[in-house]
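As written, the chains take the letters A, B, C and D, and residue 1 is the first residue of each chain.
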Amino acid sequence: MSLSDRIKIAKRVAKELKEGEIVNLGVGIPTIIPDYLDDKKVYLQSENGLLGMGPTPCDEDIDMDLISASKKPVSMDPGASLFDSSDSFLMIRGGHIDTAVLGALQVDESGEVANWAVPGETILGVGGAMDLVAGARRMIIASMHLSKDGSPKIVKKLSFPSSGTRKADMIVTEHAVFKFLEGKMYLIEMLSDISIEALREMTDAEFHVLEKNKMKTN
Amino acid sequence: MSLSDRIKIAKRVAKELKEGEIVNLGVGIPTIIPDYLDDKKVYLQSENGLLGMGPTPCDEDIDMDLISASKKPVSMDPGASLFDSSDSFLMIRGGHIDTAVLGALQVDESGEVANWAVPGETILGVGGAMDLVAGARRMIIASMHLSKDGSPKIVKKLSFPSSGTRKADMIVTEHAVFKFLEGKMYLIEMLSDISIEALREMTDAEFHVLEKNKMKTN
Amino acid sequence: MKKQLNPADAMQYIKSGDTLLVGGFGLSGTPLTLIDELVNSDKDNLTVISNNLGEEGKGLGKLLVAGKLKKAKGSYFTTNRDAVKAWSKGELEIELIPQGTMAEAIRCGGAGIGGFYTKTGAGTKLAEGKEEKVIDGETYIFEKAIKGDVAIIKALKADTLGNLIYDKTARNFNPVMATAAKVVIAEVDEIVEAGSFAPEEVVTPHLYVDYVVINQYVKKGGRYVESI
Amino acid sequence: MKKQLNPADAMQYIKSGDTLLVGGFGLSGTPLTLIDELVNSDKDNLTVISNNLGEEGKGLGKLLVAGKLKKAKGSYFTTNRDAVKAWSKGELEIELIPQGTMAEAIRCGGAGIGGFYTKTGAGTKLAEGKEEKVIDGETYIFEKAIKGDVAIIKALKADTLGNLIYDKTARNFNPVMATAAKVVIAEVDEIVEAGSFAPEEVVTPHLYVDYVVINQYVKKGGRYVESI
């Protein structure tokens, strides 16, 4: 998983976010998205109880009682607000987060996501993943195209435990951007110079290709 | 309903409240209880969103955005706190109010209370009555012994709509104090100089009399 | 900055037949300016969810006598004789709900909770027809979450992002209503710069608020009176 | 004033076998002093409901390695390898619950709500065996309210009545836990006079708090470190 691939994915997701949106960023690639927003202002919600999360503070300003959901020190933007966990998940589950950008272990061709558990491994953590999947108005999956062992992450049917019946709206990988429209998965954009055939080979899921003149290529 | 009877009832209930208790006072007689607490400090909760309700302010300090649940202007004691309606009823329903002192239209001999609706009349208000009945740790009924038309309020069985299955712990009228112990109603104290026989005549409910040497008489 | 609207322009977000969540306990914390605009608008057939219907000829009481209401859902209407009269004549539907159940149901509506089991009202007339469930030996009744098409609420101040703070007990139902409608319009006395409120001070975070209008009433002798 | 206790004296309110609600998100907002006392006490067989089990050898992580825990219920234990190890050896029961469901269930426990229907987790492994209900076309699962015997929480300051305020994101689960246990012990950095907090500033009103103890840790470089 090269840094340039991660940056490519983060940049492409950043483009998708709209000025003024309320955004919750999952662990991994999503956390670097704020570095690529240029002048666009979005408001970051952190499920441990903060709206208006700002950048990492300098060393002398670090306070471990002002942290992100990944337990990293953060700062607060002007107009930020603090609240308890029940109010934070009221926001999340109640549909008040415009966009959640999450990593995934698998996504299937209907958009169903698996992002909390690996079969056969000890499952001792779920955190806020299922709440975000259930509640965010739009769910964008930001993920490498293949898993570390080279197997497809975008699959016909989930073999990993589902995070919920609510489907993703979009997937961004280092190779391509997919959207889900009426339950079907469409390739809408190429982000690398591989062929669509090569993409199909590394994608277990069936996907449709948006009409050529509407699709962007790298 | 003479003022002196109302004061007698309020004074007797005031005696029942313990230093430091959290108390919610219903409309009518309960609202005058704070005048008879002497040096005892209790904390008044008002269901529209205030803990630490203080006395009626002087005219120039009246602010109709600082009111009681009866929509009368009030003040705040040091250490008061403000909250919204959902947090206020979390307190009430969740068992965090030590004592609710409520008026009643009827109470039956098991302690079941009717305090919101009259049969045959238009029923267009319930307010917070049922929440207080369901949730307060202790419920004291402060009421005149008879209704305005002279009929008993303390009855065998409710003929008015019930406010909930949760029973009262105590009734204080201008004539007597009753407690409910193991589902039975006991006369524990006389507050006027009528005889117990006369009290029985104006009380439809069956009540037991606490052993003579344990009972207080006027 | 959060879109500031003239009270009249706010009316475009309300349609005849809508269900409105309206903040306030009696008149305190009620969006009086927005209600006046509604009275003068062409909207009708409205369902209002609010603790009361204001007072006779004041607040939501005005909307009632203007014939704009189809139904009122709340906890206490007895003290507004106009409401009792309209109901007796069959001109107004009324649905009674215990005050705490109403607050909780609206909070659930905003929180992605479909419904809940409460002790309040179990075994009473207001529980008739409602599902019962015994949990750990206690009887509870099912209450469904409440949502609105539009919430009109009253706060003391907004900042330019739309964060809200409230005035003492004028807070009441306003913060929960701000979470539970598709469109939320907040009437405030004043708009201040973002960053003016400490992060601990904000009661309603800005993500709940769509539009802000300025209250046209002024406070005299501790109560809001019409400014003209 | 609200009863102030030495940390050691607070232990009399906790019994072996109790279910404890313990505030904190990781180590932030965790009652470290009370946990240290528990580690040194004779209490065992405890069930802890907390988002995490602290970190390895820190916070609730200490209580785990001291062998005091029978069961942990929370949302995320993966990062504490001691917890994973203890679970693998069968020395610790673990019950996983989504973070938002946990927060809501504890709030319901404090609110006299028996249970609720949430969208979160519907159709997943964590919903297995749970009642489903379709409300307005959406599938929800039933979750029961959570209560504890004792809550040990961390706040920034208490006033002499027991009103609490919290430090930034150290608030997390503490305010809801304060509502949902028979006995609530708050660990604070400082106790100030009643009336020092504005009524709008209080996050946990004093009626929820039974006892207050003073935190024995000091903050250095932005994190609490043992004072000795």
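Rule of thumb we're sticking to: a residue touches a chain if its C-beta (ideal position, glycine included) is under 8 Å from a C-beta of that chain, and two chains touch if they have at least 3 such contacts.
A quick note: this is a predicted structure, and the numbers were derived from the prediction, not measured.
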{"item": "Of all other chains, the one whose Cα centre sits farthest from subunit B", "value": "A"}
{"item": "Between B-C and B-D, the pair joined by more C-beta contacts", "value": "B-C"}
{"item": "Length of the line joining the C-alpha centres of subunit B and subunit D, rounded to whole Å", "value": "35"}
{"item": "Inter-chain centre distance, subunit A versus subunit D - centres from mean C-alpha coordinates, in Å", "value": "29"}
{"item": "Centre distance in Å when subunit A and subunit B are each reduced to the mean of their C-alpha atoms", "value": "55"}
{"item": "Shared interface positions of subunit B, touching two or more other chains", "value": "50, 76, 82-83, 89-90, 92-93, 134-135"}
{"item": "Touching two or more other chains - residues of subunit D", "value": "104, 107, 111-113, 118-120, 168, 199-200, 203"}
{"item": "Those chain pairs that satisfy the touch definition", "value": "A-C, A-D, B-C, B-D, C-D"}
{"item": "Residue ranges of subunit D in contact with subunit C within the complex", "value": "104, 108, 111-120, 133, 135-136, 138, 140, 144-145, 165, 168, 199-201, 203"}
{"item": "Subunit D-touching residues of subunit B, taken from the complex the two chains share", "value": "22, 43, 45, 50-52, 76, 78-83, 89-97, 134-135"}
{"item": "In the complex, subunit D residues that touch subunit A", "value": "25-29, 51, 75-79, 83-84, 87-88, 94, 96-104, 106-107, 118-126, 139, 167-176, 203, 221-224"}
{"item": "Sites on subunit D touched by subunit B in the complex", "value": "107, 109-113, 159-161, 163, 179-180, 194-195, 197, 199-200, 202, 205-208"}
{"item": "Footprint of subunit C on subunit B - complex, ascending", "value": "46-50, 61-67, 71, 73, 76, 82-86, 88-90, 92-93, 117, 122-131, 134-135, 161-166"}
